[in-house]
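What follows is a set of structures for review.
Two complexes, one shared chain (chain A), two partners (chain B, chain C).
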Partner chain A sequence: MLSVEALTVRADGVELVREVSFGIAPGERVGLIGESGSGKSLTALSLMGLLPEGVSATGSATLQDQPLLGVPDKRVKGLRGRVVSMVFQEPMTALNPTMRVGAQVSEVMTLHGVPRAEARERALDLLGRVGVEAPRAYPHQLSGGQRQRVMLAIALANEPSLLICDEPTTALDVTVQKQMLELIVELAPAVLFITHDLAVVASVCSRVLVMYGGRVVESGPLREVFTNPRHRYTEGLLAASKLTPRGTRLPIIPGAVPSRFPSGCPFRDRCAHASPACESDPALTGEGHAYACWHPRD
Partner chain B sequence: MPTPAGTPVIEARDLTRVYRASRFKPGVEALRGVSLDIGRGERFGIVGESGSGKSTLLRLLCGLDRPTSGSVRFEGREITGLGERQLRFLRDDLQIVFQDPMSSLDPRMRVRDIVAEPLVALGRPVGDRVAQLLTEVGLPASAADRYPHQFSGGQRQRIAIARALAPNPKVLVADEPVSALDVSVRGQILNLLADLIDTHGLTLVFVSHDLSVVRHVCESVAVMHRGVVVERGLVDDVWSRPQHDYTRTLLQAVPTLEGLL
Partner chain C sequence: MISYLAKRVAVLLASTATAGVVVFAFMALLPGDPAEVALGVNATPEAIEALRRQWGTDRPPLTQFLDWIGGLAAGDFGVSYVTSSPIGQQIGERLGVTLTLVVGGMVIALIVAVPAGTFAAVHHRNPLGALISAASQVGIAVPAFLAGILLVFVFAVQAQALPSGGYVPLTEDPSLWFQSLLLPWLSLGLVQGAVLTRYVRSAVLEVMREDYLRTARAKGRGRMGALWRHGLRNAAIPVVTVLGLQLATLLIGAVVVERVFVIPGLGDLLLNGVAQRDLLLVQGVVMVLVVAVLLVNFVVDVAYAVLDPRLR
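And then the complex of A and B:
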């Protein structure tokens, strides 16, 4: 359904995302994980046609045989919110503070040609399904969790075939996060779920892509990747996510995500297994469970 | 495990804090009768979600706000109602590390001046203390000449920790110190905090929304919900045998890799 081939995102000649390829089938929920600066949000924004000025994407991305990349703004506008839509991290900045939430949900439908009365009716229904029974409220009158559920209603209003979620629960309390994740699983058609939280991705997705330095370094069925990671970065990330008993040292990945990644394997300057071989680019290889590492974990 | 000996370092008694109604907002009872003792050398966690009152409690314990009623004693000395001048001893003995090192570090100040600021404010000599503190938190001495934006999130949190240690405090208060950090860096900061608490014999008050992080760091915990402490005890007991409904809800809501794979 969604097919991304060799997606590369550049700004000022610097490659921020490099040759990313993946697909999502109808009904599938795929996680895109990585730390800040790994390129996961840029990957999502290029699919939405929302890259900032001066940042451009090459490669190809098609959703139900409609191209998403390299098409005129006008056409992308027709697709955005209808075929593919997105839920962002911070609902307060994404919602219009001066408009009642019910009107904001119906607006996205009338923009795509749904008659006003029908849009209003469907907006009420959608808000009911996400559990916000206050269509006449303004965003500031709602809690963070309610606002994020309004965002979900807006994103789903035109029955898109793909929902992109970019850290949709990072700003929420854990009890509220749980409700939101359950709603996404229940209502979304197919999901690209971006997060830095491995436990969150494990509770939503069946397949996962691990990004580091703008590249997909490992991908495959979630359970397989998380229990038998091959790339040294994935291994380190999983180890660092587990909290060991009090009084013990936590496993760490040395250093921090750099602003400029080294050539060859982007992880080699933080990797304990790096060798001269890592100066050349490892390819993402493997059927099903793939990884790009010269010295994979056994 | 250090046992609280003698008087607790911090004693809070029946704290309430009511934010008065304004034209735009109804009044809120942010804290409703909270009492707790934090012993010397103890690692004490405060867990709660937004609106639980944990930030309000923290501000009162640190002498940054006055309770509507109740009292806070620091090493036996009443701190509620004292003026800033009389609170100088507290500014010496208790230091805070905040969640977001980007907003808690002045972007226009060099790291040298940021780390030295508590000493300067207290009129103490700086000497080579800055270099010594930077080394202690794992930063090169050359970091002193640079500005906060030139560092990563984890390094900025190290700078904030160096600043907090400058006046040789007895109590370190950490308010969600790793919530804004990447997973790969979180462990570095938690390990560093554990080391510093050991070498300096600090008492730690650690505030978090995440009981699993608190369990790694602290031996005791208070769980807050809607302005009251609903449960407190040794963190291992609270973790494995939660008594209050809210604690159970909180524990079940946190997704864990171990539980999902």
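And then the complex of A and C:
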């Protein structure tokens, strides 16, 4: 349904996302994980046609055979909010502070041709489904969790075929987080779920893509990747998120995400297994469970 | 909303009362007795005393104040020392002219600033946007009276297209009325417009970076559509603050511009009153100007609440 081929995102000649390819089948929930700066959000924004000024995407991406990349905004904006929707990370600032939330929900429908009265009625219904029964409230009268649920109602209003979630629960309390995730699982069609929280991915997604340095370094069925990671970065990421007995050192990935990644394998300057072979680019290989590493974990 | 309004009204009344005390005290402290000035240096003490009694300036200040402020509440400003005509009536005649001048200037400022500022913000990355910013910078550096003199020089002296001064009431001849006010409006409005352009630009730039504008685009709006539907109202909030300050500035600027263009407004009345030591008249005009500024602030406060639901 969604097919992304060789997506590359550049700003000022620097490649921020490089040759990313993946697909999402109808109804499938795919997780996109990695540290901050790995290119997850840029990947999502380029599918929405919402890249910031001065940042551009090449490659191809089609959703239900309609192109998302390389077409003028005039054409893509007809798809945004109708065929593909997005929920952002920061619920506190994502809603217009001077507009009632009911109006903000119905707007996305009238914008795509639903008659006003019908849109208003469906907005009430949608807000009820996400559990925010206050259409006349302004955003500041709602909690962060409620606002994020309003965002979800907006995103789902036109029954899109793909929902992109960019860290939708990161800014929420743990209890509220759970409600939000349950709602997404219950209501959403196919999902591309971006997060750095591995537990969240495990509870929502069936397949996972691991990004590092603007590349997909490993991908496959969630269970497979989480129990048997092959890429050294995935291995480190999983080790770092494991609960450890009190008194033992927390496992970490040494170093930090650099501002410029090395040539060849982007992880080689932080990797304990790096060798001269890593100076050349490893390709993402493997059917089903794929990884791009010269020295994979057995 | 009701309690917010009630609070604002209370603030307005309290500050008006305070303004009355300050204006009166200030005039009372000024050296020079109006009766002495009116009768000249050769007047006998008896004549001066008689005039004081007639005007009531021999009474204790508190009595005079209560008398004055009580009259104001009833719309009575007293009688001019110099012309013996009721001050309230004179102010009434002039107030309309000055308000026309100020409101016209503000309208021109808005007509210039909102499109120019928005354009400069949307195009902040290219030369045209930068040019507007630079032009507004020049405009800020020019005081209104200088702009007035320059406009007179170009349009009245060189091009002979518009009168260099004078005023024709609207009821007499609408076309001449408009011509007589056009240059004063421009000299007030263009300068304020230049200032306002910068505020509009920064307010629009600010909202363009807001997350909710990205949300609007994610709903399927284009860049400009999102800005129009979701940005402008939010950008208006800081702009209204500046607008209020500017209206006060315009009121003061009008006093000067009326002089340049020989327009019989409040400023003209005020300056004449000062020249003739007509203290009660000056006191009345100053009070009206102060109350006008306070009213503007009140309207700004109400506008905030209308624009921003978080304040209600």
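Criterion: the second predicted complex is superposed on the first by the 298 of 298 C-alpha atoms of A that agree within 3 Å, B and C clash if a C-alpha of one lies under 4 Å from a C-alpha of the other, contacts with A are read in each partner's own complex, and residues count from 1 in each chain.
Basically, a residue touches a chain if its C-beta (ideal position, glycine included) is under 8 Å from a C-beta of that chain, and two chains touch if they have at least 3 such contacts.
What you see is a predicted model; the values in this text were computed from it and never measured.
Chemist: Can A:R82 be said to touch chain B (first), chain C (second), both, or neither?
Modeler: Touch status of A:R82: second partner only.
Chemist: Where does A:R136 make contact in the superposed view: on chain B (first), on chain C (second), on both, or on neither?
Modeler: neither
Chemist: Scan A:R260 for contacts with chain B and chain C and give back first, second, both or neither.
Modeler: neither
Chemist: Should A:K178 be classified as contacting the first partner (chain B), the second (chain C), both, or neither?
Modeler: first
Chemist: Kindly classify A:L111 by the partners it touches after superposition: chain B alone (first), chain C alone (second), both, or neither?
Modeler: Once the two structures are laid over each other on A, A:L111 reaches chain C alone.
Chemist: Would you check which partner chain A:P245 touches, where first means chain B only, second means chain C only, and both and neither mean what they say?
Modeler: A:P245 sits against chain B, while chain C stays out of touch.
Chemist: Looking at the overlay, does A:M99 come into contact with chain B only (first), chain C only (second), both, or neither?
Modeler: second
Chemist: Contact residues on chain A for chain B in the complex?
Modeler: Chain A reaches chain B through residues 35-36, 144, 173-178, 181, 196-200, 202-203, 223, 226-227, 236-238, 240-246, 249-253, 256-257.
Chemist: Flag every residue of chain C that touches chain A in the complex, lowest number first.
Modeler: Chain C reaches chain A through residues 125, 210-212, 214-223, 229-230, 233-234, 307-310.
Chemist: What residues of chain B sit close enough to touch chain A in their complex?
Modeler: Touch list, chain B to chain A: 49-50, 152-155, 182-188, 190-191, 209-210, 212-213, 215-219, 235, 249-250, 252-258, 260-261.
Chemist: Give every residue of chain A touching chain C within the complex, in rising order.
Modeler: Checking each residue of chain A against chain C gives 48, 50, 53, 73-74, 77-82, 85-86, 88, 90, 93-99, 107-108, 111-112, 138, 140, 151, 154-155.
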